[in-house]
Structures are given as C-alpha cells and as structure tokens.
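In the two assemblies presented below, chain A is common to both, partnered first by chain B and then by chain C.
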Partner chain A sequence: MILQLIVTGISLGVVYGLIGMGMVLIFRAVGIVNFAQGDFLMLGAFICFAFNQKMGMPIWLSFAITAVLIGLSGIVFQFITYWPLRDAQDKTIIVSTLGASIALREMTKLIWGSTPQTIDPLRGGIVKIAGALLQWQYVIIIVFAALLMSMVYFLLEKTLLGNIMQATAQDKYAASLMGIPIIVAIGLTFFISMLITGAGGVMLAPIFFITNTMGVMAGVKAFAAVVIGGFGSVQGAIIGGLLIGLIEVFAGTYVSTTYKDTVVFAVLIISLLVRPQGIFGEKISEKA
Partner chain B sequence: MRKLKIKNLIILFLIALAFALIINFPHISSIYMIRVLNMTMITYLAVLSLYVVFGMAGQSSFAQCGLMGIGAYITANMCTRWGFSPIFGMIMSMLGTALFAFIIGFALFRLKRFYFSFSTIALMTILNGIFANWTKGTGGPVGMGNLVQFSVGGFVFDTEAKYFYLIIGFSIAASIIIWKLFRSPLGRSFMAVRDNEIAASCMGINNLLTKNIAFAISGILCGLAGSLFAFLSGYISATSFALPQSQLYLVVIMIGGSSSPIGALIGSILINLLPEWLRFLKDYMMLIYGVGIMGLMVVLPEGLVGGGKDLYAKYIKRKRSRVDAEQGL
Partner chain C sequence: MQNTSNAKEAVLTLNKVCKNFGGVVAAKDISFDLYSGEVFGLIGPNGAGKTTLINLITGIYKVDGGTILLNGHDITKTPAHTRARRGITRTFQHPHLLNRCDIETNIYLGVDLAKKNKLLKSLDHKKLLDELLEVAGLKLNMRDGIDKLAYGQQKLLEVVRAILTRPSVLLLDEPAAGLNQKEMEHIVALVDIAIKMNSAVLLIEHRMDLVMSICDRITVLNFGNQIANGKPAEIQDNPVVIEAYLGRKRGA
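Take a look at the complex of A and B:
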C-alpha cells in the first residue's frame, strides 16, 4: 500500500517537475513567468490523442511526433507572445500569456470537442515489484521522465548549445556581442520547454481524462513545485515537483480526497513563509 | 481662463447626460440588458479593488475572486441562515473580507513580486477548495440557494431595475472614494511603494503596513461586490469564485489600463458587453477573445486608457510644433 502510494506520488511528481522545469527554462532565458505552460500539457495530450486514436498510429510513434510538434508550437508561441513584447513590462507579458492560455483552451475545444477523451497507455498491465502491484504506466512515467530530465540537464550543462542558451539567459546583450544569435537561443529554449511539457501531458493522459481544462490544475501545481524548489533552479523544480506529488497522494489518502488540493497549497504558503526563496534559491538582497 | 470654463461646462454637461441616461436606462431597455449591466457593475467593483492593490500599490493579486467569494458567503450566511438584516449583512461582508485580507496580508506581503502573485494563486485555490467542500458553512458542491432579497426598512429590491439603481449607486460612491484615495497621502504612499520600495521606506513609509492597507481596502470593495452578487443572483456556488475568474479580472484591468479607475470601468464594460454584441460568433467568441488579448497587449501595452493618453500627447505635441512652425521658430 505504502509503496503503491509512493510510486503514484513520484510519478505524478516527476510530471509536475517536468512542467516546472519547462517554466524554469523559460524564466531563466527571458525572465517571464509563463501562465500558459499548463495548457501546453493539455495540447500535447490532445495532439497525441489525434494521432493515436483518430489516425490509429501506435502510441510510441504518436508520442514522438507529438513531442516534435509541440516543441515547434512552442517556437510559434514565443514569436507571438514574447518576441513582440520583449521590451515591455513584465505584467504585459504575463497578461499576454494569460490570453494565450484562454486561446489555446478554446482552440482545442473547437477542434476536439469538450467530451473527455483518453489514449492508449505507454504500456498496459500490472507489474509486481517487492510484493506491491503497480501499474506499468506509473513505472514508465518515472523512468521516462528521469530520462528526459537527464537529457535536458546534459544538453544544458555539457554541450555547446547549452552554453549558448545559458549565456543568452545570463546577459542577452553580452551574448549578442559574442556572436550568439539571441532569437535562435531563445527559440530553442521555448522548443525544449514545451517539448518536455507536452511529453508530460502524453504521459499523464492515460491516468486522467483528456479535457481542455486538464492543464489548469497541473499548471498551477507545477507553479507550486517551482516556487517550493526555488524559482530559477532546475533541480529545485524537480525536487519541488516530487514533494508536491507525494503530498497530494498522501493527503488524498490519509487526510481527505476533497481537501487534497487545499493541503497542497497550504504547504506552498507555509513553505513560502518559512523559506521565500525556495529550497535551492539563493537569497538576493534588493538593489536600490 | 475662458478655455478652462468651457472645459468645466463640457464636464458638467457630460455628467448631466450620464445621470439622465442612468435614470432612464431601465425604462428603455430589456430586463436582460439590465441584468448584463448589473453584472458589469459588479465586475467593475471587483476590478476596482484590483486597481487599488495592483494599479496603485503594484502587487498583482490573483485572489480577488476568492475575497469576493468570502463576501458573498458571509452575506448568504448572515442574511439567509441567521436572519440578520441585509444592510447589516452587507456591512459585515465588507468588514469581514477586509479583516481577512488585512490579516492574511501580514503573511503574504512578506513575499515580493512573483512570489506574492504565486502565494495569492495558492490562497485562491485554497479558498475555492473550502467553498466547494465545506458543506456546513458554504453548502459544499451544491452551493447556497434561495437567498433573501436586499431591502432597506420595508423597501424590498425585487426587480432588476431596482438593483440597477442600487448597484450603480454603490459603484459611483466607490469610484468617488477611490478617486479621493488617489489624491490622498495614503494613495500616494501606495504609489511610492509601487514605484520603489526602498525609496519609499527611506521616506518613512512602512512598506508592509501600506501594502496591507491597500489589500484591506481592496477587500472592502471585494466584499461589497460579493455581497451584491449574492443578493442579485440569489444563488452562489464555488464555481463562481474560481481562479480563472480572478485571472480574468487581471486581464480586464490590463485591457482598460491599470493607471486609472476609468481603465477599470472601460475594461469591465468591454468584457461584459462584447459577448452580447458579438453573439453571432457563438463558439468562436472565446477564441477570438483570447487572441484579442494577446494582440491588444502588443498594440497597447498600457491598455486602452494608456494608449489614448499617448495618442493625446502626440496630438498636443504635433499641434505645438505646428504653431511653432507658423511663428517661424
């Protein structure tokens, strides 16, 4: 029982962590908070649904196609919401992403309707680990999300491309003086961010139903994960996501199913009060 | 001097026109349209509360709809369940919501910028969870129905038209108070905190307390809006007080322009009346609306009021340069 809960919690948590990581990448690159991130999770699930259920492709193939398509849509998103507003105030960009979130939700509703849909699990059936019966889907989510995260980490820290992206994130002007095409670096960041978010959506889809509002709660919980972990820190997003996932599952079982979200966000407020900068955040003193 | 007088006359004329329109409006339009305008004014009150905390004090709060919900549920419990008079219920809604905002503010305002916004998202979600699940206090998922009508003495507000006068009266009063606040030392200290906290504290302003007071004032307005909403619709449930609604308020104030209450008014009118005018678009309405917000932010980052001001400034500048050119300077 406990093991099952832990596995469920971790698998939810890694998905929150993936979305949170996407947010952190964008935040580090361009300094804005993307309120439409959860809706890209929903979009990923719906695109995969179209390939898997409507066209009858095998799930792994549709997963791969979805990942690429959702990444490309991230670049488009970047050109619409961020690039024209790059010199504007933060609040303007935030409202622009809120508008994008409404538009995405309505677009999917117009295309695929509002009835809840579902897709094939990445692998069906049940596996027995250490005496506990677990669904394969949860195990696969954990393995696959860990793989994705380590790939992104490797890309960011060990490759030239990652260096280019980090340089752009730190100082756009200096990066452009070094001959880095900023727009390419930012576009690439949005590509990766949306790719991992959409992949999270495909992995969550067999567990929850696909609706056009499935991204709202997941997005808000990813926010919570990012804030608990420390804004701007990639490993913080992952740890925060795991915490949120575990708290959600355990609160749902031992406290009350109706109040599980309330407990999650109460934990967020408490953690903000105790450690506003997050687990991995550094305390930056204000500059005058 | 003469120019100033003409300007005053025009303003007086406009005010008289507005009054005539307001008084006659319920006689010349359908009940449905009055209903839409009533909801518009309630939205306006909620957005005005956001103007105080976001436009003046610079703290982007996503909890306004939750505060409104607190006001609505206080009114519903006070008047319908315990049988207090509606006026008392409304005053208790305003005070209760303000007190809640003031106390929770001490916790939330320890956080700055984005972090404050996130904590208000969390607050909003917690409040919504409580509204949706606390069967005893809020009716749980079913909500609370059959709420009593608003009444003063023996006079019962039982038609849309009567509510129209009531709500517009409250809106005008609230606008005047907020306008006075804008010119008062307290309002100026809000704006000082918004522009630069360190400089503000050097001027002897207590940042935490100032932000708290701003949040409490917004709480009064939210409590009023929630209370009016409960009286007007006669039924409240948790779905009316959810996060998307709060996000909408932020969008509304950004569309109108966060620099003045007029922006809040224009934004709420636009957001409530556009769906009526664009009814023929049907399902595409919300999609166009979302895309429209994105487009508007690109074209007018300061909102409609800010854009209008820019245009006016350009017009004045051009006029001046022409005068200069004519004088051969």
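Take a look at the complex of A and C:
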C-alpha cells in the first residue's frame, strides 16, 4: 500500500517537475514566468488524443510526434507572446502569456469540445514489484520523466548548445557579442521547455481525463513546485515537484480527496514563510 | 608608421559614421581605418561617444549614416552575432562574464563558437591559453565560479578570453580602469600578444600614460566629433585636445 502510494506520488511529482523545469528554463532565458505553461501540457494531451484516438496511430508514435509538435508550437508561442514585447516591462509579457493561456484553452474547446476524453496508456496492465501491484503507466512515467530530465540536464551542462543557452540566459548583450544569435538560443529554450511539458501531458492523460482545463491545476502545482524548490533552479523544480506529488497522493489517501489540493497549497504557504528562497534558491537581493 | 599603414589594406574602416540619440549627437561623421598589428587609441572626455562607437562597430547600435567595412566587406547592416563570428571581439568597462558558469566555460565559449571557422579548429587553443594566462598573471582553478575572482582578475580574464578567439579586431573598453599598476602591466603584455598575432586593437582608455605608451595612432573625440588625429606625440601637444580635456588653457 505504502509502496503504491509512493510510486503514484513520485510519478505525479516527476510530471510536475518536468513542467516546473520547463518554467525554469524559460524563466532563466527571458526572466518571465510563463503562465501558459500548463496549457501546453493540456495541448500535448489533446494532440496526442487526436493522433491516437481520432487517427488510430499507435500510442508511442503519437507520443513522439506530439512531443516534437508541442516543442515547435513553443517556438511559435515565443514569437507571438515574447519576441514582439521583449523590450517591454516584465509584467506586460506576463499578461501576454496569461492571454495566450486563455486563448489556448478556448481554442482547444472549439476544436475538441468540452467532453472529457481519454487516450491509451503507454503500457497497460499491472506489474508486480517487491510484492506491490503497480500500474505500468506509473512506472513508465517515472522512467520516462527521469530520462527526459537527464537529457535536458546533459544538454544544458555538457554541450555547446547548452552553454549557448546558458550564456543567453545570463547575459544576452555579452552573448550576442560572442557570436550567439539570441533569437535562436531563446527559440531553442522554448522548444525544449514545451517539448518536456507536452510529454508530461501525454503521460498524465491516461490517468486523468483530458479536458481543456486540465493544464490549469497542473500548471499551478508545477509553479508551486518551482517556488518550493527555489525559483530558477532546475534541481529545485525536480525536488519541489516530487514533494508536491507525494504530498498530494498521501493527503488524498490519509486526509481526504477533496482537500488534497488544500494540503498542497498549505505546504506551499508554509514553505514560503519558513524558507522564501526555496530549497535550492539563492538569496535574492533587491535589484538596484 | 603612416607609410606602412597605407601600404596594406585596412582591417576595419569607418566611413562617415553617424549616430544620434534624440537630439544628442553621439557620433558625427567619424572616419578612420584600423590596420592589423597596430594599437589605435580612442580618447576623449566622458560622454564624448567612445563607447557608442564601439557599440556601432559591434552592431549593438545601428548607424544613422555612414558605412563600416570589415576586411573590405560592408558590415553596416550585419547583425551583432555575425560580426562577432567574423572576428570583431570586445571587452567591457565592467566585465560581462557568465556568473553562473565556471571559469573554463567562460573562457572556452567564445572559442567554441568561433571553431565553426575551420582555420581556428586546427589551432592549439590550450597552448595559447596557457601563454595568455601566464602573461596575465592569472593562476586559476578552471572549475571555480567567476565570483571567486577579484575585479581586476575578472577584467584580465575577459581580455584573455577575447584574445583566445584570435580576433581580427579587438576592442578594449577601458581595460585598465580600476586596475592597479601591476595588473595594468599585465594588460599591456596581453595587448602585445594580440598585436603579435596581427589583431587590430582599438583601445579606449582614460589613463594617458597607458594610451601614450602603447598606441601607434590616436583619434580624439569630443561631443561625437573627431577633433584630432595623429601620433601620440602630436596629440599630446595639440591645443584643441588640451582644451577639450582641461577646458581653456590659461597662461603657461
């Protein structure tokens, strides 16, 4: 029982971590919290639904195509919501992402309606691990999310492309003078951020129903994960995500299903009171 | 000096470059040539438009008029990152290093980017780096963060990083500002290496001892206008320059 809860909690948590990581990448690259992040999770679920259920493609193929498509849509999103406003104040751009969030939700409703939908799990059935019966889907989520996270980490830390993205995130002015085309680096960041978020959506879709608002709560929880982990920290997003996932599952079982989200946000408030900079956060000084 | 300069082709040519910010004239009809292997001084009082000129050369600002040529090719409309890849490198008055990355990443990023150029790929960067670090008097742990370095070390590191990319044009924006005498000597030694590898060096600097000792030619800016050109000795005695710096001269 406990092992089942832990696996369920971790699998939810890694998805929050993935979305949170996507938020952090964008935050580091352009200094903006993207409020439409969760909607790309929703979009991922719907696009995969279209390939898998409407067009009858196998789930793994649908998954792969969806992830790439959502990544590409991230580049388009960047050109619409960020690039034209890049010299504007931060809050202007944040409002622009909020607008995009609403537009995406309504657009999805127009195309696919408001009936909850579902897709095939990446692998159905049950697996027995250490005496506990677990759904394959949860195990696959954990493995896959871990794989995606390590790939992003490797890309960021160990490759020239990652250095280019980091340099752009830290100092656009100096980066362009070192020969980095800023627009390419930012576009790439949005691509990766949305790709992992969309993949998270496809993985969550068989567990929850697919609706045009499924990204809202997931986005808010991923945001909470990022705040608890320390804003701007990739490790923080992962650890924060795991915490939120576990708390949600345990609160759902031992407190009540109705109040599980309340418990999650109570933990967020407490963490803000006790450690406002988050687990991995640097002390943030007032900007001069 | 002037004769040899005329004989070879200029690496960088500014031709009547203009820039205004609203009603403020930051550059008015600025023209000069930069040749490989020389140090060209750009001096003038604060607000004369020296840094603006660097921003025009690197492409951060767009010119309002005039043309900029690199090795004879018009780069007036070329974006900043492309100019950087073609060999225009600068350092900053206040270092712009990547604070979240370690020293090694900072040093090699420029070279790694420039490696697309086949010629650079085959060269031995490690050997040059060791030489540059020794000349700069820097003993570094490559895994350290930038915050472990003192201000002067950061400025020296920036110059090292710039020279490591073997730039055809090296723009130094007040490299000696805030440095002590010893560190300034390191800067001079680094500039020497750049000259030996045939970079054209443009130096903005307020410390006149440094400017007069290492520059081959100097141009003086005041309120966006080029008020004097010449060798250090000529500039030193030019009454227009003295007036721009010190105000109208009385007596003596």
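Note that the second predicted complex is superposed on the first by the 286 of 288 C-alpha atoms of A that agree within 3 Å, B and C clash if a C-alpha of one lies under 4 Å from a C-alpha of the other, contacts with A are read in each partner's own complex, and residues count from 1 in each chain.
Note that contacts are C-beta pairs under 8 Å (C-beta built on N, C-alpha and C of every residue); 3 or more make two chains touch, one makes a residue touch a chain.
All figures in this text were calculated on a predicted structure; none of them were measured in a lab.
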item: When chain B and chain C are modelled together on chain A, clash or fit; value: fit
item: First (chain B), second (chain C), both or neither touched by A:176; value: second
item: Which of chain B and chain C A:107 touches, first, second, both or neither; value: first
item: Chain B versus chain C as contact partner of A:98, first or second or both or neither; value: first
item: Broader residue contact with chain A after superposition on the shared chain, chain B or chain C; value: B
item: Touched partner set for A:160, first chain B, second chain C, both or neither; value: second
item: Angle at chain A between chain B and chain C, C-alpha centres, nearest 10 degrees; value: 90
item: Partner chain(s) touched by A:216 [first = chain B, second = chain C, both, neither]; value: first
item: Which superposed partner A:266 touches (first chain B, second chain C, both, neither); value: first
item: Minimum C-alpha separation between chain B and chain C after superposing on chain A, in Å; value: 14
item: Residues of chain C touching chain A in the complex; value: 58, 60, 79-82, 84-85, 89-90, 92, 96-101, 105, 109-110, 112-114
item: In the complex with chain B, residue positions of chain A that touch it; value: 33, 35, 80-81, 84-85, 88-89, 91-96, 98-107, 109-110, 216, 220, 223-224, 227, 231, 258-259, 261-262, 265-266, 268-269, 272-273, 276, 286, 288
item: Residue numbers on chain B that touch chain A, as the complex places them; value: 60, 107-108, 110-112, 114-115, 117-119, 121-123, 125-126, 129-130, 132-133, 196-199, 243-244, 247, 250-251, 254, 258, 283-284, 286-287, 289-294, 297-298, 301
item: Of chain A, residues touching chain C in the complex; value: 160, 163-164, 166-167, 170-171, 173-174, 176-182
